[in-house]
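Just passing along the structure, written as structure tokens.
Letters A, B, C and D name the chains as they come in the text, with residue numbers starting at 1 for each one.
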Amino acid sequence: MKFNQFRYIIDESVGMLRRRMAANLIAVVIMGLSLLILAAFLLVTLNISGVIEKTSKETRVFIYLEDGTGEEVSREIYSRGMGIEEVEEVVFISRDEALANFRQALGEESDLLDALEGNPLPDAYRLKLKPGYIRSKVMERIAAQAAEWPGVEEVRYGRKWFERGEKLVRGFYIVDLALGLIVFLSVIFVISNTVRLTILNRRRAIDIMKLVGATNAYIQVPFIIEGALQGMVSSLLAGVLLFTLFQVAGRYIPGLVFIRTDAVSGFVVFCAALGALGSFSAMRRHLKL
Amino acid sequence: MKFNQFRYIIDESVGMLRRRMAANLIAVVIMGLSLLILAAFLLVTLNISGVIEKTSKETRVFIYLEDGTGEEVSREIYSRGMGIEEVEEVVFISRDEALANFRQALGEESDLLDALEGNPLPDAYRLKLKPGYIRSKVMERIAAQAAEWPGVEEVRYGRKWFERGEKLVRGFYIVDLALGLIVFLSVIFVISNTVRLTILNRRRAIDIMKLVGATNAYIQVPFIIEGALQGMVSSLLAGVLLFTLFQVAGRYIPGLVFIRTDAVSGFVVFCAALGALGSFSAMRRHLKL
Amino acid sequence: MTPDKRIIAAVYHLSKDLGKHFKLQDINLQIANGEFVFLVGPSGAGKSTLLRMMYMDDYPASGQVVVGKFVSTRMRRKTIPNLRRKIGIIFQDFRLLEDRTVFENIALAMKVTGTGMGEIKRQMTEILTRVGLYHKRYDYPPALSGGEQQRVAIARAIANRPAVLLADEPTGNLDPAATKNILELLFKINAGGTAVLMATHDIDLVKSFGQRIIYLEEGRIVRDKEMIYVGDIRDRIDQSKVSRRAEMLSDHEITDGGKE
Amino acid sequence: MTPDKRIIAAVYHLSKDLGKHFKLQDINLQIANGEFVFLVGPSGAGKSTLLRMMYMDDYPASGQVVVGKFVSTRMRRKTIPNLRRKIGIIFQDFRLLEDRTVFENIALAMKVTGTGMGEIKRQMTEILTRVGLYHKRYDYPPALSGGEQQRVAIARAIANRPAVLLADEPTGNLDPAATKNILELLFKINAGGTAVLMATHDIDLVKSFGQRIIYLEEGRIVRDKEMIYVGDIRDRIDQSKVSRRAEMLSDHEITDGGKE
């Protein structure tokens, strides 16, 4: 008897999926497109924040030494730099190295430097901060601190650019959070309403099944399976579409990063659970089982 | 009798909207979110392409003169420059001006220039191209041409940056077109399927109405009105949501541009028409009226 | 024949296969203006199917249906609503709109003919009282008993005072008293000039009234018997008790020429 | 009373308001194991509503319904399916699933009780033959005549050989011959031990069988008359023709103790 019950619940699910092919297709496409948007959004976030993070990670604090600073003072500055808690690495950059770098950075305009008499650049230490400490507050503090050290002429870290970048990242995350929340809620909403429409459509049939003695499981399980399958297929659809878009976009915008494979499978499982849960809660609310 | 018929079609539409409040709300929200995505997409496109266009519009061709070039040769270069069809404007930039600009551009690093002995920069002419001719092909041709003129030392236009920007714009437009098409089709699909679900849901009622002698107009008009209203309300919803998002985003990303007011009202009318058409075609297909 | 005995509805040589196990075969019948006819036959005989052809929800594979000036073989889809507004139909399964009240269900049928709301309200009281549902006018069909739903269906069908009333089993869910009431109502409507074709399986019920009875069995008309008219239509008397089928056919051939 | 006369279904002091115009008032009735009872009353008397309370699709405002070991006042939602699998219900409006064949509709009721597919197939032939629909087993309800749909509903209700059969107007769409068939079928099922409560408005039909008849009018039981049993249940004879209502109530009070 238990086995039969189980078999018929499976039968019922298969039958329901077959009978409701068209409705399922519609639901899957609607949900797939919603998820596509969510996923596309995640992908864009991932890429933009990746670029910004990478840029800000490359931010360094430069300590320029006074002309003619002795070896001892220089070493003192090095060890003071290493002594700061947030500093990961201190690298010495000689004035010659600096000029070479500058020449490279100027590119086409570098012949301008040919007009220089000697090297006007000072020796410098480049401080790399530990990840997580690359914030303007920390940099400002370190800069103020290091400026007081003997033998230090000036401390720079591209304050204006860095602060602007930081503000952008913060803004981006906030917009991100807001948009993400809206899209996420929309997807949940679309899924649960698709299920709701389905259940309203099947209301008469469900009532009849209840009247002939079908248990809640017998009625619910097919819907839950349907919801889970819809969620799964939708997310796969979204994934495939997104990957196609990604390939197209990648041809024009180099260096794009796709969502990691384990995140993709997590997304699929998540969507399946979402679909099942949507079905379940819609039934709780609308069927009073 | 004609008047009565008309009145009852209106009655019917109002009654239908009232009775189907919940279903309408669902449809409107689903469509509104789809449209939001379309509109958000348009807005992002507008802003990014705006920035890129603005940047590329500022691209100029610089003609650097040989040291000690006389007034006559210089004037000759000016008139040759003006003689090129695609050139809109030719401006003389003296070496002093150029140095001042360079100092400004260097910002914090400008003290580097204090080490300069005299001014290593040459006099130059800045060529502004007519809008529509700012393409790397044109620039390359002009550069090659001008390099041959007497008194010209070098011609530059930031080739690498410009070409990259141009490629980015092209890529952006293609991705744009692909994405836009997909989103647009999705919205159409969602709308027509929402209408289709509605009609499937109301099939029994429609059959009954036909059996008691309701004309096609009597049955169709309420659906078409419903579709148009859904489209309209959805697009308004999308507009309001987008504007809210825009306000939030604008607080963090300065210089954002919103869609023009007349485009917004066009969008609303377009969506209303889309809804009406969706209803109409869904009925044609599914009712065999 | 009296001169006013014009044919208001007729079926000529109608045949149609339905599924594997059933077909309507060479159905011929004519209903005169103001006539009252019972269509009797066992379950599955084809009564509902035949009626469905008469309100053109389905079409004969061969043969012809004529109702008023509407001819099935010369009919455009667009004119079907015009036909349906001229006739009243009581469906075996009621076909009420579940999301509209009794009042709205009946009003719908009147609205589609272009009746004004004032007029509808004026007539509604009388119609609802006739079927005994005035106190239920703002109830929705799912809250009505089977018999009450059936009476709403009846009220809707007669609301427009149709020229022809097609009634499919209109008393299947009614108790004997209500059945008598409804039959009396149908006779009264018939006395007002409406031709009535009422399908029923209850042969005992219809025999007692002495109206013309058409017997349908397995998709064929096996008997078409005109009996002595009683009640309000007593004035129209036909003495012949033999099958009038042949006579009516030839009758038609005279007035209408060969058909098909 | 014979010792096997256990009460299989009963209603005690049931009251319930339905809408503004109707209420069930202090309904009391008891049906013994294997008994056959007609529930008769005019349209809108409350027959369907009363049956609905017995399969617990609705609950009394006060009073109690007892079917088998299930008691409405001590019932958890979750156990309702267990009740419904023990009883068979023929709905006045059939309630068939339109997107499943006749076979699947009937099989569904058997599946939910855990019957294996082999068993279902074995029994199906007999059940379908009994209601005369074997050739229509793969048809969908919308392609069936009214009477055929009704017989599918009947077949579904009796498929599980229920302990109690609640039949709401099971012959409303059937011709006299089919009605006789179905009644005989119900009697046969009854003879197999199933208690049957059949609601109908056709007083003439039920009188002739001499079974116990409960008269319902405007929500009240106005008479509960046990007549001489005929047919297969002839062995159980009750001579009293007076209302057994009072007697049955006291009867219950003895076996069950005071309720409420």
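Everything that follows uses one rule, which is that contacts are C-beta pairs under 8 Å (C-beta built on N, C-alpha and C of every residue); 3 or more make two chains touch, one makes a residue touch a chain.
Since we're looking at a predicted model, the values are computed, not measured.
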item	value
Separation of chain C from chain B in steps, with touching chains one step apart	1
Furthest chain, CA centroid comparison against chain D	B
For chain A paired with chain D, centre-to-centre distance based on mean C-alpha positions, whole Å	63
Distance between chain centroids, defined by C-alpha means - chain A, chain C (Å)	70
Between chain D and chain C, distance of the C-alpha-averaged centres to the nearest whole Å	33
Where chain A touches two or more other chains, by residue	none
Overlap residues in chain D, where contacts from two or more other chains coincide	none
Contact graph of the chains (line, ring, star, complete, other)	ring
Pairwise chain contacts, counting only pairs that touch as defined	A-B, A-D, B-C, C-D
Interfacial residue positions of chain B with respect to chain A in the complex	23, 26, 29-30, 33-34, 37, 102, 107-108, 112, 114-118, 120-121, 156, 158, 160, 167-168, 170-172, 174-175, 178-179, 182, 186, 189-190, 193, 196-197, 200-201, 241, 245, 248-249, 251-253
Interfacial residue positions of chain D with respect to chain A in the complex	55, 57, 77-78, 80-85, 89, 91, 95-97, 99, 108-109, 111-116, 156
Of all residues in chain B, those that touch chain C in their complex	1-2, 4-5, 8, 11-12, 19, 205, 207-216, 218, 289
Parts of chain D lying in touch with chain C, wherever the complex brings them together	18-19, 21, 41-44, 47-49, 92-93, 135-136, 139, 143, 145-148, 151, 169, 172-178, 201-204
